[in-house]
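Structure incoming, see below.
Think of it as A, B, C, D, E and F in the order they're written, each chain with its own count starting at 1.
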Amino acid sequence: MIKPRSWLPTPVLSILLLLVWLLLVRSVAFGQIVLGSALAVAIPLATYRFWDAEPRIGRPLKLLRFALRVLKDIVIANFEVAYLISNPWRKLRPHFIEYPLMLEERFTITLLASTISLTPGTVSANLRMDGKSLLIHALDVDDEEALIEQIRKRYEQPLKEIYEC
Amino acid sequence: MAWIVEALASLLLIAGGVFLFIGSLGMAHLKDFYMRLHGPTKATTLGIGFMLVASMLYFWGYEGSPDIQEILITLFLFITAPVSAHLLAKTGLHLQLRRIDVTEGKPVELRPEEVGERPVPHPDKGHG
Amino acid sequence: MLTLALYITLTLVSTALILNLYRLAVGPDLPDRVLALDTMYINSIALIVLLGLWLNTKTYFESALLIAMLGFISTVAVCKYILRGDIIE
Amino acid sequence: MELLYAITTGVLTACGLYLTLRGRTFPVVVGLTLLSYAVNLFLFSMGGLTTDGAALVNQQQGAIADPLPQALVLTAIVIGFAMTAFVVILAMRARSEAGNDHVDGKKEDRE
Amino acid sequence: MILLWIALLPLLGVVVPALLGQRDRVLSTRITAIAPALALLLTFSQVPALLDGETLRFSVGWMPELGLDLALRLDGLTLLFNLLILGIGLLILLYAHFYLSPEEPFDRFYAYLMLFMASMVGIAMSDNLILLWLFWELTSISSFLLIGYWSHQSDARKGARMALTVTGAGGLALLAGLLLLGDMVGSFDMNVVLASQDVILADPRYPLMLVLVLLGAFTKSAQFPFQFWLPHAMAAPTPVSAYLHSATMVKAGIFLMARLHPAIAGSELWSVIVSLTGTITLLYGAWFALFKTDLKGILAFSTVSHLGLITVLLGIGSPMAVLAALFHILNHATFKAALFMSAGIIDHETGTRELKMLGGLKKTMPVTALLTTLAAAAMAGVPLFNGFISKEMFFTETLATPVLGGLSWLLPVLATLGGILSVAYSLRLVHAVFFKPARKTPPKSPHEPPHLMRLPVEILVGLCVVVGLLPGLMASGVLSLAAQAVLGEPLEFHLSIWHGFNLPLLMSLAALAFGILMYWRHPDLRQLTQPFASVDARRVFERTIINMNQKADWLINKIEGHSLQRYMGLLLLSALVMGVIGLAPIAPLTGKLGNQPVDAIVLLGAAMLIFGGIATAATHRYRLISLLMLSVVGLFVALTFARFSAPDLALTQLSVEVVTMILLMLALFFLPQQTPRESSPLRNVRDILLASALGLVIASLNYAVLTTDTSSISDYFLANSKPGGGGYNVVNVILVDFRGFDTLGEITVLALAGLAIFKLLNRLRLFLPHSDGEGRVWSPDRYPAILTSISMALLPLALLVSAFIFLRGHNMPGGGFIAGLVTAVALILVYMARGVEWAQERLDFPFQPVAIAGVAIATLTGLGSWVFGYPFLTSTFAYFTLPLVGTFELASAMLFDLGVYLAVVGATLMILANLGKVTTAHRPTLEPSETEPEASSPDKETR
Amino acid sequence: MTQHLIVLPVVLPLIAGILLLYQRQGIVRYKRIVSIVSTALLLLVSIGLVNQAASGEITYYALGDWQPPFGIALVLDRLSAMMVLLTSVLAVGAVVYACAGDDEKGSNFHGLFQWQLMGINGAFLTGDLFNLFVFFEVLLLASYALLLHGGGKARIQASVHYVVLNLAGSSLFLIGVGVLYGATGTLNMADMAQRLAELPPEREGLVTAGALILLVVFGLKAAILPLYFWLPRAYANAPAPVAALFAIMTKVGIYAILRVYSLIFGDQAGSLTALEQPWVWWFALATLAIAGVSVLAAKDLRLLVAYLVLVSVGTLLAGIGMRTPEAVSALLYYLIHTTLVTGGLFLLADMIGAQRGKPGTRLVKGRPLVQGQWLALAFFIGAIAVAGLPPLSGALGKALMLNAAEGMQRLWLWPLLLLAGLSSLIALSRAGSTLFWRSQRGTATGKKLPREQWFGVIWLLSAAPLLVIFAGPVSHYTAAAAEQLANPLPLIEALMPDAGDNS
């Protein structure tokens, strides 16, 4: 595990950047790795000041698992929504739901909000000014509480574990 | 082998197209703004994802070497699409757009402190 | 097979774009139009991908990447404009 | 295809020109922007329309697009952007000086 | 060379008073006088040569392209005029020394006077038509200065302007005439011209030329109907009147007629125009002279009259008539200069020139009275004075000439009438001033002037008398030389007082007798003139000018209208006409290539573009919506570029599009959100027609070019991109190498835009909307949290992408420009998400140096090639191999591209961040409704 | 270094601009020194260029070592050398004048000024049609910025018209260049000329359309009749040193017309030869007529000078319309004269306005002026010169122009030109007598004008007598330049030695 150092303030970001670089250049040649690493070090150094809170990733593996879960949810739930939208006989029951947040940090809240938006059926419509709850618009909901519970369990909890503990 | 890849690619391609279409269809025919918002932000994103996978598969078959570069586009879309959706929803709330009657939820989506102060006359009412 | 798939997909995407255009034209509210525009941007990524498959080239990859990365900024700007008027404050 | 392309350019030009003939600064600016889009399309096509032949000489291909108009258009886009930026802020400034956004800075507002 | 000195000396004389300043008038007068005196001496020194029958000439080339030479001549005519100009000029200088009051800036006066003298000498000596014209107009200008010398007086100003306008206009006609004349003979050389009468008279353009030249002469010499300016020029100080209006300027026209006589006279047209004009002028001037009550007014009108007389003689054109004319030039100059100076003395000593206030000055100013009387007698043509002889000759010639054909008898009668009038006004002048008892007391108590001031008058009067008594001795020499110069051959003549008892003598006597009678009865005649007297030429002139100004103002306002819409309409109309003219002859618009088949993507794109374009125009009143529509066009333009094999353009268009949208929205915030409906339906229809027509032309042109098969220089670029430029991406290689100079200009433009916008934002007073278009208050959530987080996450990724795009540009789509825009957009997103203050804290360097550094790097890259002896912007590239890393290419073009990158980042941020910052600084924070729409703020330093 | 001489008029101001603009704040002295030194160097360089071009040899500079027609080439012939020299002479006067304090009334004056020079010189030197566009944009954007220097409502409003029209003009420029490229396949003007010789007849219409659309653009910059409307207010409202520099801006349009149509549409162009001529001729005459009237209408000295610029535009374009070497020679002489003199008059008007206080340059009664005599003298000289009266340069220029007209041309040109001269005379005499003679009683107040300002005015106005004294050599040069323009073949051959081989 790479530790943050003064010349490498955000190691995870740096690794991510290096990966993105290699994807961009479509090559894993040594020269590109060198160049990519240089950029992966230099860019965080240049943009370090723009991060107001340093997101520490407690458990990277858990993050990966979380990402895969979200991906799966996106695919599966999308089929549902596609069905909902394209079925003209179906009466939709849209909802505005107030979702009380456990998360505190802005960055993690953003991740949660994005996740909610990406998973079909829900859009995070407004983060309250006090940062304590999230207004969600849902396309078709029977049970408000169930939805809140599902979001809490599937997304917010893991995020909290990954970042905020 | 090649034909399997091609078939898979074709399938994914069409699937992507269908999702795009549904996303836009939703945006076109759903009853209120908040509902329309759902279509594009998700179905479309997924549609693009499918098509990119199709493209990757195709070029793998075509060039012979795997290349997952197109993942990046999906990555960027996953980062940016929710922001658009979020801000659009926020804008809709700000403008107090109509929503269909069946919508349930709190009567006021925006709390008083989120609405701002009392309305003021627009200074350039004179010409628009 | 792929050619056929391309045709089908192209038809779907085109229809999607025309639907976007419809929403853009009729509104009724500003956010609807912005949403339509935003969707149009994303759908055009599909067009570029299709073009790449069609022509067997990855020359246009960066164009798609750029839309994915920067396309939302126009949307953000308009939203901010409606919300706050001044988009850089 | 060429005919369709030309018609498109013509329509965009006409729309842009119509807007430049308006009496308020903002539509004029929008018109100039639209006009520059149209002109860029026009200039771009002066080397002919090539469907599959980006001017990258390391890729084997058949017909290669004329790279020169492309380079010219790139320059024109940049210059057009610089000019648009200037003129729109000029419009803003003119409004703050004159109190209205008429292109002639007229005192009275007729509505 | 001596000729050159004669011409130059007065010109040098201009400098003397100007240099001496106003310290010592005596010294100044003396030194100033040296130049003309020397010139006069030099002129005299040439007389022997002239007597030998030579015409002295001097010439150096000046402007061969125009046929202008510095060519001078000295012949009899020049001699005569030089004597007048320099001789009387010297006397005037002396006179002016006393005339000007101590506090007046005499240095200026002297300088003007010398300038005038120099230009008169120039006219007299010019041996080149163009040169003559140059000096001619110079007299107009210097006389303008002299007449307007007392510039605090409205009369002086207006009189000066009128004189300038009339003589200046005449000068322009003269220029045309002289150019025409030169064209007829093929040279502007005076000798050639004077020897080419046959050619000239035979030329069909002769009448036009003659009229133009005579217009010049008549305006200058105050011939009818251009006489009106002269009396008003009397607002000038008297030395000026004495000089300009007796001896010199007004004689310039006469001189011109005399000078060109051998070339352009000798036609019936000449005789008729010139003598008729002269006759009318003669009578007109004389008639009005009789009724003027201003001393100088009388003299002015009498001058007009006498100039008419000389003109008549030149019109008659017979050798003796010419001689008479020359003689009268001399005589008139002497007596009229004397009279003007006397008038000046009277004015100077009594404080008035008004006849009504003068009278009985015989007692207080006996010498002046005597001198004036003698000069007036000469003017009246009393025997034993010089005026008598020339007038006698005039009468003789009027009797002899057949100019008016059947009406030939009329001319002597009119001449006699002129004589009568001249006697009458001369008598009136003398009698009223010196002999009649005064009706009122003048402002000052009159006394004789200082002797030196009177001296010039004495000399001139002396000349009048001596010439009158001994005409043969005093005048024959110079006159014969002058006549020879004008006539081209020696003239045998004999000047004497007594010619026997003949008809001319009878006419003279009749003139004297009836003149006295007329003066006696002139109050009765005054009734007759009343209706004419009310017409004041100056007022008419002023009114005409004012009228002209107003009409011009009206017309120009009508044409210009201060309407951008009109200007734009005209611009587009011009383009339309030009385009149609080009398209008209293209028979089949479709060229050899023909159409490629349309496919679905193209159709879709075209439909989108057309929709977007029309929607942008149609919704223009709802500005934000219009912007959204514009965005559709922008997007599909980018896709069109991609569709037609231009990935670089697609990338550029996409990134520019984003920035443009942000920019337009930033500005829109401070503009009205909607456009009022103010164009009339007619205007809309007109605009739509105009725009569509031009759109059609553009489309046709586009189509015609698209289907044309043209071989272009691009093959070279494709072939040399890799071997010569080191890059596979030809577009990029063109940008940074083949046409790097364009790109250098382009980034300069971008940096300039940043600088210009910075100027615009300076001290900006903003008109701030307190709420949106529907009166809704702004959302209080300034920086939506989700947006702020995403902007942070995106920044490093965007930087990475822009590094990627930058580095691959040379070989693949990309390059410094696009990379720069991506960077800038990512940073702008931070500005949008976090606000100016927050972002500025972290981007705590100014942007201008970044932009300029970009231009600097590009420039330095270009300059680097000088070191190796190559032209500016020559690129180089090389391949390097490092262990493990492998072979890679480094090209100087990449350094150039780095310059582009920096310039783009710097300029874009300069534009957007500055704009954002300005708007934010002015944003009302407290009670929105109570904040005034912004007071001026100090020149804030934004980055 | 001498082989790089041709590119120096572009590079020198570019570098100076970089030095000046790098820091927005900075020591005023330093900026002034850099700016003046650079302009003075530019003057030296351009003297060298004229010297080089005077022999009649045509030299070119292949940027990036890419030979024409492929790369961009700067072409030095008598005309371009002359224009560059004229620009730098004008610039010296303007920049020194600005150092009296105008430069400190806003940001970045000197840097923008230098870049404006870069744009102007580039436009004069380039042999490439698209590069001409780029330099047009450089000089335009710099001029926009400079026009706004010092701020003020009137300037902003004048700018709106100026900028918007020129933006539309830029679009037309691109269309024109595009069509010409599409029809001929090249951008190098000499190459284009050569290709026109073998142009298939079906493309003639295209070339005509492109060329005529370009004519509209150049006409807009040159301020020909239906397109001149942006000029009076923009010029009248510009800060003095900028207005002085603007005196060369219309000449850029005139130069472009001269260059493009004499080179590309010379005798070798067959039926396309001189296609611009009738348009230029008739519209020039109309411009002259309107300008003559406008001069009478002006109620402000600056506006008057602006209209006098318009008179000169009409005159110059009429010279182009005549399209004979004599006429071109005449117009070049006149061009030098009018550029420097109107430039000087703009400066002078500013000085007069400053001395008069509240009435400024409006032609109304005002207080007496400190240094009024000297101002009057300078005004007098400028007025005489610009009205075309002897003994100054305008008279010779006008005589040359009139003399160059042939046959029926005279019938139109002579009356118009002479009457325009007369109306200038009337207007200027009125202006002069109002400003200097009709002053109110009372003592003159106000400060003495700075030496820099006097230098600028004298520097520029001294052209009026100098052009007369050296009329011979100057007109000899212009005649030779005109001769060179009339026969573009040597230029084409100089740029493309293998001309004719690749037919």
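Quick note on the criterion: a contact is a pair of C-beta atoms (placed from the backbone, for glycine too) under 8 Å apart; a residue touches a chain by one contact, two chains touch by 3 or more.
Computed from a prediction, not measured in an experiment: that's the story for all the values here.
Colleague: Using mean Cα positions, find the chain sitting nearest the overall protein centre.
Modeller: F
Colleague: Taking contacts as defined above, which has more of them, A-E or C-D?
Modeller: Most C-beta pairs in contact, of the two: A-E.
Colleague: Farthest from subunit E in C-alpha centre terms, which chain would that be?
Modeller: Centre of mass proxy via C-alpha means gives A as farthest from subunit E.
Colleague: Taking the mean of the CA coordinates per chain, how far is subunit D from subunit E in Å?
Modeller: Once rounded, the distance between the two centres reads 40 Å.
Colleague: Distance between subunit C and subunit F based on Cα centroids, please, to the nearest Å.
Modeller: 48
Colleague: Find the geometric centre of each of subunit B and subunit C from their Cα atoms only, then give the gap between the two centres in Å, rounded to an integer.
Modeller: The mean C-alpha positions of subunit B and subunit C differ by 10 Å.
Colleague: Take the average of all CA coordinates in subunit A, do the same for subunit C, and state the distance between these two points in whole angstrom.
Modeller: 22
Colleague: Please output the residue numbers of subunit B that touch at least 2 other chains, ranges allowed.
Modeller: 18, 23, 25, 37, 39, 45, 69, 72, 76, 79-83, 86-87, 90, 92, 94-95, 113-114, 126-127
Colleague: Give me the residue numbers in subunit F that touch at least two other chains, ranges are fine.
Modeller: 130, 134, 137, 141, 144, 160-161, 164, 168, 175, 178-179, 181-182, 187, in rising order.
Colleague: Going by the contact rule already set, what residues in subunit D reach two or more other chains?
Modeller: Within subunit D, the residues that touch at least two other chains are 20, 25, 28, 40, 42, 46-47, 51-52, 54, 56, 68, 72, 75, 79, 82-83, 86, 90-91, 93, 97, 101, 103-104, 109, 111.
Colleague: Help me check something: in the complex, which residues belonging to subunit C touch subunit B?
Modeller: Result: residues 1-2, 4-6, 8-13, 15-17, 19-20, 22-23, 29-32, 34-36, 38-39, 42-43, 45-46, 49-50, 52-53, 56, 58, 61, 64-65, 68-69, 71-72, 75-76, 79-80, 82-83 of subunit C touch subunit B.
Colleague: Note which residues of subunit D are touching subunit E in the complex, please.
Modeller: On the subunit D side, the touching residues are 1-31, 33-34, 37-38, 40-42, 44-58, 64-68, 70-75, 77-79, 81-86, 88-93, 95-97, 99, 101, 103-104, 109-111.
Colleague: Could you pull out which subunit F residues touch subunit E in their complex?
Modeller: 3-4, 7, 11, 14-15, 17-18, 21-25, 61-66, 69-72, 106-108, 111-112, 115, 118-119, 122, 130-131, 134-135, 137-138, 141-142, 144-145, 148-149, 151, 160-161, 164-165, 168-169, 172, 175, 178-179, 181-188, 191, 202-213, 215-216, 219-220, 226-227, 229-230, 232-233, 290, 293-297, 299, 326, 329-330, 333, 373, 380, 384, 389-391, 395-396, 398-400, 402-403, 414, 418-419, 421-422, 425-426, 429-430, 433, 436-438, 471-472, 475-476, 478-479
Colleague: Provide the residue numbers of subunit B that touch subunit C in the complex, in ascending order.
Modeller: Checking each residue of subunit B against subunit C gives 3, 6-7, 9-11, 13-14, 16-18, 20-21, 23-25, 27-28, 33, 36-37, 39-40, 44-45, 47-48, 51-52, 54-55, 58-59, 62, 69-70, 72-74, 76-77, 80-81, 83-84, 87-88, 90-92, 94-95, 97.
Colleague: For the complex, which residues does subunit A have touching subunit E?
Modeller: Answer in residue numbers: 13, 17, 20-21, 24-25, 29-31, 34-35, 39-40, 43-44, 46-47, 49-52, 106-107, 109-111, 113-114, 124, 127, 129, 131.
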